[in-house]
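Got a structure here, written out as structure tokens. Questions coming.
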Amino acid sequence: MNDILKIGSKLALICAVAAISLGLVNAVTEPKINQMREQKLMNALKKVAVGMEVGKYKEVPDNPVVKGYYPLNDNSGTQKGYIFNLVGIGYGGDLNIIAGVSTKGKILSVVMMNNQETPGLGKEAENPEYMKKYIGTGEDSPVPVRKSQLSQEDADAITGASITFMGIGKALEAASDFAKKEGAE
Amino acid sequence: MLLKILFSFLSVTLLGGLLGVGLAVAAKLLAVKKDERIGDVESILPGANCGACGYPGCSGYAEAIVNEGASLTLCSPGGAEVAEKVAEIMGQSVEVSDVKMVAQVHCRGTRDTSKYTFDYNGLADCNAMMILYSGDKECKYGCLQGGSCIAVCPVDAIGRDEENRIWVDKDKCISCGKCIDVCPTHVMKWVPYDADYIVACNSKDKGAKTRKYCTVGCIACKICEKKSGDGGFVVEDFLAHIDYDMKGDRTAAVESCPAKCIISTKTAKAEIDEVKETVKVNDEN
Amino acid sequence: MLKEFTKGIFKENPIFIIVLGLCPALGVSTKVINAIGMGAGVIFVLLGSNIFVSLLKNFIPEKVRIPSYIVIIASFVTIVQMTMEAFAPALYKSLGVFVPLIVVNCIILGRAEAFANKNTVMSSIMDALGMGIGFTLALLLIAFIREFLGAGTITLFPVGSFSGVIRIPVLADNPVRVFGLAAGALLVIGFLKAFFNWYSERRAG
Amino acid sequence: MKGLKTFSIGGVHPPGRKYLTDRKEIINAVIPGTFVVPMSQHLGSPSECLVSVGDKVSEGMLIGKSSGFISSNIHSPVPGTVKEIKDIYLPNGMLSKAVVIELEGEFDRLGKEQDTEDWKSLSKEDLLGIIAESGIVGLGGATFPANVKFMVPKGKKAEFLVINGVECEPYLTADHRLMLERADMILEGIRIISTIVEPERIAIGIEINKPDAIEAMEKAAEKVSFPLEVVPLKVKYPQGDEKQLLKAVTGREVPSGALPIEIGCVVSNVGTVHAVYEAVVLKKPLIERVITVTGGGIKEPKNLKARIGTPISSLVEECGGFSEVPEKVVVGGPMMGFTIYDLDTPVTKGTSGILALTSKEVKNTLRTSCISCGRCVNACPMGLNPTTLFKYIDHGEYDEAEQIGLLDCKECGSCGFICPARIPLIQGMRLGKKMLRKKKVKA
Amino acid sequence: MTYIGIIITFVFINNFILTQFLGLCPFIGVSKNIESAVGMGFAVTFVMALASLTTWAIQNFILVPLNIEFLQTITFILVIASLVQFVELVIQNISPALYKALGIYLPLITTNCAVLGIAIISVQSKFNALESFVAGFAAGLGFLLAILLMSAIRTKLDNEWIPKPFRGIPIAFITGGLMALAFMAFDKALLTNLIG
Amino acid sequence: MSDKLSLLVESSPQIHNSDSTASIMWTVTICLLPAGLWGIWIFGSRALFVLVASIAASVLSEALMNYMAKRKTLMDGSAFLTGLLIGYNMPAAVPFYVPVVASIFAIVVVKWMFGGLGGNFMNPALAGRVFVFFSWTSQMTTWTMPRMLKAADTVSGATPLGFLKTGLIDFNGSVSGPAQFLAQQGYPQTAVDGRVIDWINSTFHTHLSGGYYDLFMGNIPGSIGEVSAFLLLLGTVYLFYKKIITWEIPVSYLASFGLLVWIFGGRRYGLSFFSGDILFHLFSGGIILGAFYMATDMVTSPLTRKGMIIFGVGVGFLTFLIRFYGSFPEGVSLAIILMNISVPLIDKYSKTKRFGITEEKGKNNE
């Protein structure tokens, strides 16, 4: 019995030392980690804000695509658009997308965040160039969701990854519709 | 922050302590007795798993030594050294002769030097060739060159040269005896590791007959017997044998052998290096 | 002492000869930079755990040997994890679940079991360094081949204006993408292992 | 064609090529000057040689004595002098002692009228004694001593006596001709055997590629007092094997590793039956048998009644020699027979045919590794998996091979015949069995 | 995700061995013959299901309430290691033959990436207790499937003439590579289309 | 011995069947040729180039491996056949390196690392194809229009199945089946097709949509050798006649696949169960090529009849699964190689019934 307690307490001792040291390290790194996270988000927001001011985040409940948005205001403070936090369905699973959309539903800017697409195919969408296919659409022309809506050159560029393309397109379409509806209210 | 460290400390320590106690209890309740000597013996055995001891691999032998009191000298690759170490663990003493024996092929007959009686078509395996008229060589004692020994050697000590002759690299041979077991013509035989020469013929036919079918066969002329002087060579059953206990000089005998069938064991390694069998190929005629 | 160091690099290379610690070797080897990061993490943990295990070898009771080692290892891993997340978040993200999995990297526990708990601190350090560097080199080799063929790039640290990505002219446009995927990883390590077998066989004569 | 009986699993259809000889009457072979009589012509232990060099022997004289329970007597085929006693290779590749006899002196039987014996008064034991005395062994291929086979063990009952007139081996027509030309004698032989084994039913199985033989047997059966069922069978190799024959005729399956008597059956080849007739009625020991000499490489294929010990070269010569250089000369049928390299090899009791096969008939094309086509699996009448067996054996895993039924393989050759990769499967099986035996001896 | 979805995901789509690279050491080490492969497969399945469930409890009853998630790795592995050791003791008592067959690999389950991997992945996927358990079980089944197929192939390969440097482990990797190639047939879309 | 006859000595049997590995391989090759010639005719010389590249790479790799392993297996025809089948599985417009890499991968890695002909457990041609498919997905999914459809340039060359796959993703309407769907979306058809289908409809009082004739004859974009179901089937007639392939695999494959299509296949088009279009799915994509020429590869399929049927059903199920629910329009290659990896297991558990062994005794023997 004594033996057993001794063994238990020795393991406990090692654990204790480990836990305390880790707690100390954590005390140093945690603020730093949080800071980095925020920074990353800010960077992304800045990219999609197209020079406008970003308001306070609002969650959208019960929407499969639009998870929430930041209002976008111009200098005067009137709302000109939204930055949407979108979830699309790609080839490898969910696509996290941040998109700037005008109140009229026009796509202003798109950035692909977390995704599990295939490098070289779907992951090409992380490339800023890629999103040009969507920008400017949504208000007058529909957001493209399939190859046939693209020029030959653009269509060739997405060959082999049209599911990703459609996934982003559909998410943006939903965002655009959302913006139009909100804007109309 | 301090609170967090405190929580960490408490939870992990508690978890550790609990599990530690739990495991200790479990170990006590579920303890299984096991003879530790098995592991010790196994770690001393060479791990070649060659089967020379007659047990399934080294671990099998280790178990047999500890549980069944198997003889300690069965491991030929390990030799005297291992046997002594094992004996130490087992608290016994052993006596082993430390003359290392290796396998050697006692035949150099090739398509050029020996007569063949028919065209053989079939498995490249000596025991299979044996089924059909004991092989295609007219000499029924020689190496069939089917390479069964190559296939069974656990350490790839056997190879063939360009003329299809089989050679054993005595430095690689671990004396497991598998090739000797498998060889159907018994042309693979034990030779002391430090033997300098072997009589590379196995024909027990009369000299005149041997001469008819093979130009490198022993014709039992007894010249070697005479030249060696100290009895280092004995001709028996129309075949010369070397008495490896005699340490006299054999070069005179070797040089005067008319069939040139007494060969140096040193050449064996040189020739084996030329062609190595990587894949056993049984197809394509 | 030097022998303890060099053996891990070739003769007892953890990946190619002992064949342990495969998961991270394959999982993170899509980019050269990942291999470097992973290698550094492993060296650190290996070093730390080897030192502590060999220090504590008389203190740790037999029955809880493995849990104790693991706690020690896990502490170092967590340190790596937190530091990496704080200071190299991109790398942390691309190594993914394999960072915490350093804990179970078979090499580390294997070394603690097979070496550190029987040897002095100094030789344990040497052993850790050798094994760690051997692991890293192997990882680098695999990652290099996989990234070169599978993506047509070589990704290193960004330095100054250099983005850190070297593009291989023809391959970058049409890489043999399978090498970046699971199947390619297994094929690459299979061929490398065969090459090492062949080479050591030749060296042995 | 439908509704004909045959066995259920496996089997192949090699080209029959029986037309070469099936119209050729059996004729007595020329008697050469020298005979070589091996002392091991049967299953079991070799006979004990009773003569030595220089001895005079007469036709039908006992020169080799049965040396055990499973062994057989051997008689001199001709009168003459013993010239030499030497070791020779038999067609099956085994070494055997053989007596070389040079023809000399008078024939006691040849060309003389034989008196017939009324055997009906003899007892079972007497009959068995005569059969043993006459050195009769199974002429269907197994060369199992006939007297041993006909001795039904205590506690066992022979319900069926099945006569094997299948002759499923391609090329061979010896049994076929025998049934055509000597149906009555065969029936007499059957009667003798049934006196010994006392079966409830007697049947003879004949493949329908021999319609004339079926007819001849049916006609002969009408004349006798006991009921003989003539069972026509579908043509399929190896129907002649007793296990397959019994499956086809009686529907019973001989259990793995057991003998036909286990399921109440005795099987005997028509040639054996005929030999029994000659031994009992004509008091003639087994010194000659019918042999089909044929094949694409033989000028004039024939069915010859040849004396045991005749060198094969003599028979070949009698058939006009080779029409073209044969790729190989085979003793026995093409599916189970053995190649010989020396034409001086003698004819033995088990020799049913001599074939000179040309390369066109042999079809030894490029050998490749096994392509797992599974044809051998579907061909094996024993339901074995030859390719897997072969792979185990090729890798020295004999115990594994035994586990999946190596010992059930009867080397029928179906798998080797059908294999497109030309894998020497049967040699593998024989190697495997040999190594197993070696291992058991060692253990 | 439904339970069926979890099972399909972890058995086929995210097969731990063939797509996730988790648990390769035992996969290569214990797949030489079918019997021990199956034994190992079941042992791993059992441990993974238990580990996934236990660590869920640790995560949700200790780490999250106390806000000390950074101790995830250390606590999880501690629990897993003890669990494995316990299982080892039990197997040793119940089936010495199995214990012998699994040999050095039982302790290796502790250090099998798959076990800690499923624990972490379950937490990351925010599964509930039952889902965690099912995920662990399914991932184990995926391992079992892969190692079973692999061992059957390797038994066949024993009888082929593999080029010498490739015999043993290298050819096992290449075989695994080809299996992974085939398993690419199972992708996310399959799951989405099958169960929406 | 020179004065005497030199005779061959070997083990029984002394005669052999007329089939040999080489004749089997070459016969299969010849039976495949019509479909390939058709591919060359409709897709142009580029297709020929692809075939030559894949065959040359395959044969040269085999030669190289022969040299390294000191063996001579070139004439057995298997490498030629593998090369040919790889070419058949390529779109006509692929860059040359795609078939070349596929062939090298097939021969060197999939076949020779496992000991050459007979040693491999996975179909080399398909493994090669899948390897390059995953490596160069876009090149492998860029299709050339056949010559008879070039004028009608409505859509860029998508195969019927590819077109359906993308077309159906957000389809919620209801049509009578894939053929009508394609027709509705303006998938091109030849004029002959219209006439033939009209003739069939009027003669047999059926209501077929257009497109089946094109599908059956091969007037569609697709891989070079897979498009013409008709010519492929023509070749199989001879293969069956020569008993080179047996019915088990193709029949169980097509039957299980057809059954699943019939039961579930209509759901995508808003139809009820038991209304899938079997005909369409049997003649589109590589199913005919796969079922008769690739799943039947004896090296990589089970040994026993029972095993073959299990295998066929498995391939059928997986093809259905991938084609209808996966992200690839085709599914044949992946389904076959997936079942290839289970063949050793199937072989282990699908034993033949042994002669003279009753059930109970058999069990004791295990």
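Per-chain residue numbering starts at 1, and chain names A, B, C, D, E and F are given in the order in which the chains are listed.
Note that in this section contacts are C-beta pairs under 8 Å (C-beta built on N, C-alpha and C of every residue); 3 or more make two chains touch, one makes a residue touch a chain.
Worth saying up front: this structure is predicted, and the values here are computed from it rather than measured.
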Chains touching both chain C and chain D, listed by label: B, E, F
Most distant chain from chain D by Cα centroid: A
Inter-chain centre distance, chain E versus chain F - centres from mean C-alpha coordinates, in Å: 34
Centre-of-Cα separation between chain B and chain A, whole angstrom: 68
Chain C-chain E separation of Cα centroids, rounded to whole Å: 21
Gap in Å, rounded to a whole number, between the CA centres of chain E and chain B: 41
Multi-chain contact sites of chain D, meaning residues that touch two or more partners: 339, 341, 364, 366, 368-369, 394, 421, 424, 427, 430
Sequence positions of chain A contacting 2 or more other chains: 7-8, 10-11, 14-15, 18-19, 22-23, 26, 30, 91, 121, 163
Shared interface positions of chain E, touching two or more other chains: 68, 70-71, 74, 78, 82, 85, 161, 163-164, 166, 171, 174, 178, 181, 183-184, 187-189
Chain-level touch network, classified as line, ring, star, complete or other: other
Every chain pair in contact, whichever chains are involved: A-B, A-C, A-E, A-F, B-C, B-D, B-E, B-F, C-E, C-F, D-E, D-F, E-F
In the complex with chain A, residue positions of chain E that touch it: 68, 70-71, 74, 78, 187-189, 192
Touch list for chain E against partner chain C, complex: 18-25, 28-29, 70-74, 77-78, 81-82, 85, 107-108, 110-113, 115-117, 120-121, 124, 163-166, 168-174, 176-178, 180-181, 183-184
In the complex with chain B, residue positions of chain D that touch it: 89, 93, 95, 339, 341-342, 364, 366-369, 394, 396, 421, 424, 427-428, 430-431, 434-435
Residues of chain F that touch chain E when the two form their complex: 69, 109-110, 112-116, 118-119, 121-122, 127, 130-131, 134, 318, 321-322, 324-328, 331, 334-335, 337-338, 340-342, 344-345, 347-348
Complex contact set, residues of chain C against chain A: 30, 56, 59-61, 63-64, 67-68, 71-72, 74-75, 78-79, 82-83, 85-87, 89, 151, 175, 177, 180
